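The same chain A turns up in both complexes below, where it pairs with chain B and then with chain C.
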Partner chain A sequence: MVFKPVSSPHRHAALSTARVMQWVIAALLPGIAVLTWQFGWGTLINCAIATATALLCEAAMVALRGRSIRFYLNDYSAAVTALLLAVALPPLAPWWLVVIATASAIVIAKQSYGGLGYNPFNPAMVGYVVVLISFPLEMSSWLSPQSLLAAGTSHASLGESLAVVAGASADGWTGATPLDLFKHGVNGQLVDTFYAEQPLFSGAALAGVGWEWVNLAFLAGGLVLLGRGIFTWHAPLAMLASLALMAALFWDGGSSTSGGSLPLHLFSGATMLGALFIITDPVSSAVSTRGRLVYGALIGVLIYLIRVWGNYPDGVAFAILLGNFAAPFIDNYTVPRSYGHQRARRATEHPQ
Partner chain B sequence: MSDTPPTAGPGLAEVAGNGLWHNNPALVQLLGLCPLLAVTTTVVNALGLGLATLLVLVGSNAMVSLIRHQIGDAVRLPAFVLIIAAFVTCAELLMKAYAYELYEILGIFIPLIVTNCAILGRAEAFASKQPLGLAVWDGLMMGLGFLAVLLLLGAIRELFGSGTLLANMQLLLGSGASDWVVRPFGSEFSFLVLILPPGAFLVTGLLIAAKNAIDERREARRKAARGQLAKGAKRVRTTGHIA
Partner chain C sequence: MRKVWETPGGIHPAENKHQSVGRPIGQLALPEQLVIALNQHAGPAAEPQVAVGQTVLKGERIARSGAAALHAPSSGTVVAIEQRPVAHPSGLPAECIVIACDGRDQWAERQPLADYRSVDRQRLLDTVAERGVAGMGGAGFPTAIKLATDRPITMLIVNATECEPYITADDALLRERADELLTGVDIASYLLGDPAERVVGIEDNKPEAIAALRAAIAARGADHAPVELAIFPTKYPSGGERQLIQIITGQELASGALPAELGIVCQNVGTLYALKRAIVDGEPLISRVTTVTGRACAVNGNYDTLIGTPISALLAHNRLAPERLARLIMGGPMMGIALPSSELPIIKTSNCLIAADDTEVAAEQPAQPCIRCGLCAEACPASLLPQQLFWHAQSQQHDKLEAHNLFDCIECGACSYVCPSNIPLVQYFRAGKGEIRQQRADKAKSDFARERFELRQQRLEQQERDKQAKREARKLAAEQAKAAQAASQASGDEAPANSAAAMIAAAQARAAARLASPEQQREKLERAIASSRARLERADANLAAASAEGADAEALKPLLAGQAAAAQKLAQAEQKLAALAEADSAASPATESTASADAELDAAGRAIAKARQAAAEREALSPAALLDRDIAALDKRLTKLRDKLVAADDDQRELLAASLAKLEAKQQALHSQREAVADGV
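Entry: the complex of A and B
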């Protein structure tokens, strides 16, 4: 009798790429639903335009590279990039803005580097930053949350939304985001006075009407993914902890030079989207658990620095791209100690 | 003395091919990237810097070739740098005299031509070993290759970044060129990222990729024309002599 030694695990239930991507899409749905509830049809229109553009670009690039279109479109990764962009871009953004962002993400950031698994930068964030620095006006016109619209008006209907996306003016519905308002409106007042004056903050429990719900929805979706074991807790927790630490350190008791309250930083802007959906991207993040702790913490600090002392109201996209830059460097110093060795080695260390 | 005859220098066609395509300073050697990326926001900037670099390259190659037997090995690099700096000063003064506004726009990048590695590289690798005529020809071809890439980059970034083409050509070519500007996408168009530094890297990367793709395709076609064996095909190994 032949005894064939096979080491554990003996039973496999590996998640396929397509299955992981489907779970990510499912986990994005609460966030998309809350965005639609608070800001109207714009988010759904963004999703449709971005997904169509992403699939077209992916198919074209895969065909140019001489690979199987069917195989690569079936892994749902282009759709995930598209949806991440669609929720990050302002609702009712002009259609060409969404198309340019998605095309840059897929064509330049993903396929030019060799496709899924080879992109050093998160494609959705590259697409976002390309349009953010190119079209500051369009990118800064967000909408007012539903409860803050002028009495008697409601969100743009589907028809009106489509007209705005095609080029009509969105003047009746636009409004500042909490981070934008805080950055440009505070003007040396005490934070509490400022919050009390602004309906966007005074009507909110945490961090700005509407926005806190958006962030909580992304948090809930992300926790589902965490529960399914699709990513580990290290990077998100480190990022949120370091961002919270920075916010607490520079809160300054709410003085006129305060950097903003802790809930504002945790539950406004793209914090939760970034922490649970973007920095958990296994391709562009650090690899080891220790590395992910460093990677997440670095991004948290960078987000705070850019938000408070930078030119842009939100800094999640820039911070994540800088983190992507640093990931290989972090990996070099955080190789885990392998069994039987006294200590961990650097990846580039010369073997003794 | 060895018996081998002195190797023949490269032919004119080969030098031209190297400068313009196979060993292009911008797309293959990746030298002089700093001005290449910094000033190519418009065609006129690219043309101004490209012409200045061309002038310096031809001048320094000629001078280095002329004195190549007199310069000792130990001091050759300082000597090359002095020669290049002298020609850069000439180019700078010429530009100040005849295209002052453009000189103001290009600013520090004109004096910085001194540090363009493509120029020092040609002096060291080519001009210091070749006769005058060939060195001048090499400087001309390398300069034209660099100029062509600058112009292409400037045209792409100007067209897709600010939506104009050939804007402000009067800065270099006199007032007759002031109405050359074309606005194919209307006057509102702008796509800032191409004007900003990231756009320079993106477009340069795409140009390098395009050049490599063209080279690969030509190589594949040449191989097919020669009827080479398919990849992985086997043949009998013939080592040694069969008696």
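Entry: the complex of A and C
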């Protein structure tokens, strides 16, 4: 018989932080599979390099902070950051690019702020933006999707892929992303004419050959998480809705100055990855349901603004970081109305 | 069936109720000893009314309390009244009465009140308190106080929710004794002034209890007030008072408000059953239904348990396997307390004992960092943001905690339950509330001290000013007297031998000086009126209290005299004030002031005469008699001071004790002086 003074409650639900992270990793698998199918070994190599770097950096930082390495590595959060980066970076990117991105994410964005739960910015997006700004050339060389490769060629084999990652040229396999192509290739044509000319668009149902599949795979994975109750629908739906609204508002039927169609914005680039895997990161997002609606909507608008009027073809990473900046401010104004109160209070309100 | 509303948040932990409701409510063998804790209900502890060695009968009152008395659960002998460990979240021991049972279980005379409607409401409430009925669902709030609300009540809610896992005490009670519960509802109804609605709120996971209730309601005669059922989906914590009110009425109880403000009173099933037993059967609250469950016990079930039964006796009856016991919990797994020992007595609120094994309690794991996943906010029945509260509780930002409505947290534990990082959120919130309460108390105390200091400062300054004014007036009078004397000497008159004329002149001057400011005079009078009014009120209150206690005429006399004196003083002061006001409004203030100066003069003359007489008397007395008188006066002061000391609070006590010591020293000195004088004589 043991009589320990333990505080109630005496029972606990089964879900643990490690289990949450494991579910996120599982939900990323369809996206990783489609990326590999469309773009070859590169994504898997990215995953391997990023995961190894992330775990090493996490262990080193936790050791430097004098904490238990085992306890902190067991929460799987470093692996999640690594995989999110791996699917966001171009396949066959040079190995050092992946290492720099991952190390920046773990060392700077996560551990130097105090580790899991204390990072104001999404680590994966910080890592991504570090390399996006520092190495624009490497970051803009994506691969052509499977079906657009020249006749008779196929993806780089595992050996070739490893050689490219180690520094060889990837020339035979490179190709623009739909957002890149759309931003820099329209050149005064009507969208319809442009789409017809470009095999990347003409062969696609929604928004670019291969890319639409990648986005649908991330959407599917995200819906599984939503079904499991890992996150709520508020932020993703608000982000997708506000992005769709912006696209619909500024879609002028396809003139040469059009901002891009609604499917193009929803199903290309990192839209679905961002909506279902990045902005749902609870640590760096707003906390209340109302706050998450505002947070998601803000990011959706920012994505559109950066894509259409900014310098970068895709704006998800920047938009999310700006959203992270705004999250504490949003929290201040979106404290829910508690039971028995006439109105919601503000977080900075002083007690009477 | 009634429409029900949905509440936000909530969780669905495994129910684990079936283990303990399979059998009818069991009876237990009489234990050798019963330990009755004196702090079983909210409010101050009860006062024992028995002495060690005294024999008591079952149902005899053994401790008195204004709100809920305590009774001997069985007949026997009081063997101890001492501190014993009890089941309290603080872990502190409490004063207990220990009764060694004689095994006869012999009842004291019972006084059933089957026709309770013929009893006056207030007297019936007193009987409820007298027979020890207190809330049996949670906090043990005295039922008589809850039912004595003076607000108009429109709905009596019977809380049959029992939303915590494992507990089935109310469920079992409803299955077997629904008719008695309904009688309890009728009694409560009468005490509440027959509210328009009586609603039993029950979760849909108790179909047998619902059926029994339906049958009992159908079997009631048409002359009984209708009782409705509100059946709602099972969700923890639907049984929280605020949640239940929202489920049944759709209304939210304002933060910090009591249900009576919405015209609602909630009572637990066990409480209403105890109310019925207490009134209709004349049996005070000496037993309750307790669930004994958990995998460490071979048998699970519900039992009619005497208050004071040792928990170990219940566990032994249910064949506890000590090696399997991982945690012993009193209450449910969500809000119950882990007991430090099995040698504790059952109290009125002990609805459940869980002898949990390893598989039934959460393994103790270190808390991981909060990832702000928000599961806690989804689970919170009060729509708080536990993740933000946790953040601020950790950094002790009390104003932020209050801005996030910490005090609306009902400590249900739903947030801790769902937290994937294993953070003991409720514990943080309890601690945060405690800190804020402590801070508020400290602040109130320091504010009071500051106020007192400032007032004292003001008073001292005022005194200094008054003294100064008096000094100046005296100086002026002396000068005038001197001048008058000089003048009379100069005019050749025989100056009187004593200086009575001078003194009178001085008094006149003083009176004039005082009269110089009627404002001050009025203020003084007003102060006098206020204080005599307060004295009168006090005297009235004393008198009322004394006559309520049934003091005889002889005892009332001094009180009456005191009241009369206070009234007279008040009347005098008021008269004076009126005179003053009249004087103010009078056309010629000069004459008036002369008149009152004359009066003053008379008074001064009288005072002088009195002082002379006193001096003469003093002269006439022998030193020994003088000392005796001083000693007598001092003794009087000492007695007074000692009386005051008894009634004083802590702050005053120190001061009073200090002055008492001083006086005692003085008394000592006087006594020795007296002895010396006596020896000399």
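The rule is short, and it goes like this: the second predicted complex is superposed on the first by the 339 of 352 C-alpha atoms of A that agree within 3 Å, B and C clash if a C-alpha of one lies under 4 Å from a C-alpha of the other, contacts with A are read in each partner's own complex, and residues count from 1 in each chain.
Here is the rule we use: a contact is a pair of C-beta atoms (placed from the backbone, for glycine too) under 8 Å apart; a residue touches a chain by one contact, two chains touch by 3 or more.
Small disclaimer: the values here were computed from a predicted structure and weren't measured.
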| item | value |
| --- | --- |
| Partner chain in contact with A:G117 - chain B first, chain C second, else both or neither | second |
| Partner chain(s) touched by A:R11 [first = chain B, second = chain C, both, neither] | second |
| Touched partner set for A:S338, first chain B, second chain C, both or neither | second |
| Touched partner set for A:F71, first chain B, second chain C, both or neither | second |
| Partner chain(s) touched by A:R346 [first = chain B, second = chain C, both, neither] | second |
| Chain A residues touched by each partner, larger count belonging to chain B or chain C | C |
| Contacts of A:S134 with chain B and chain C, given as first, second, both or neither | first |
| Residues on chain A lying within both footprints (that of chain B and that of chain C) | none |
| Of all residues in chain A, those that touch chain B in their complex | 100, 108, 112, 130, 133-136 |
| Residue ranges of chain B in contact with chain A within the complex | 190-194, 196, 198, 202, 205, 209 |
| In the complex, chain A residues that touch chain C | 1-13, 15-17, 19-20, 71, 75, 77, 115-118, 229-232, 282-283, 285, 287-289, 331, 335-342, 345-351 |
| Chain A-touching residues of chain C, taken from the complex the two chains share | 8, 11, 13-14, 91, 165, 242, 246, 252-257, 322-323, 325-329, 331, 333-342, 354, 356, 360-362, 364, 366, 368-375, 377-378, 381-385, 387-388, 399-400, 402-405, 408, 413, 416-422, 424, 426-427, 430 |
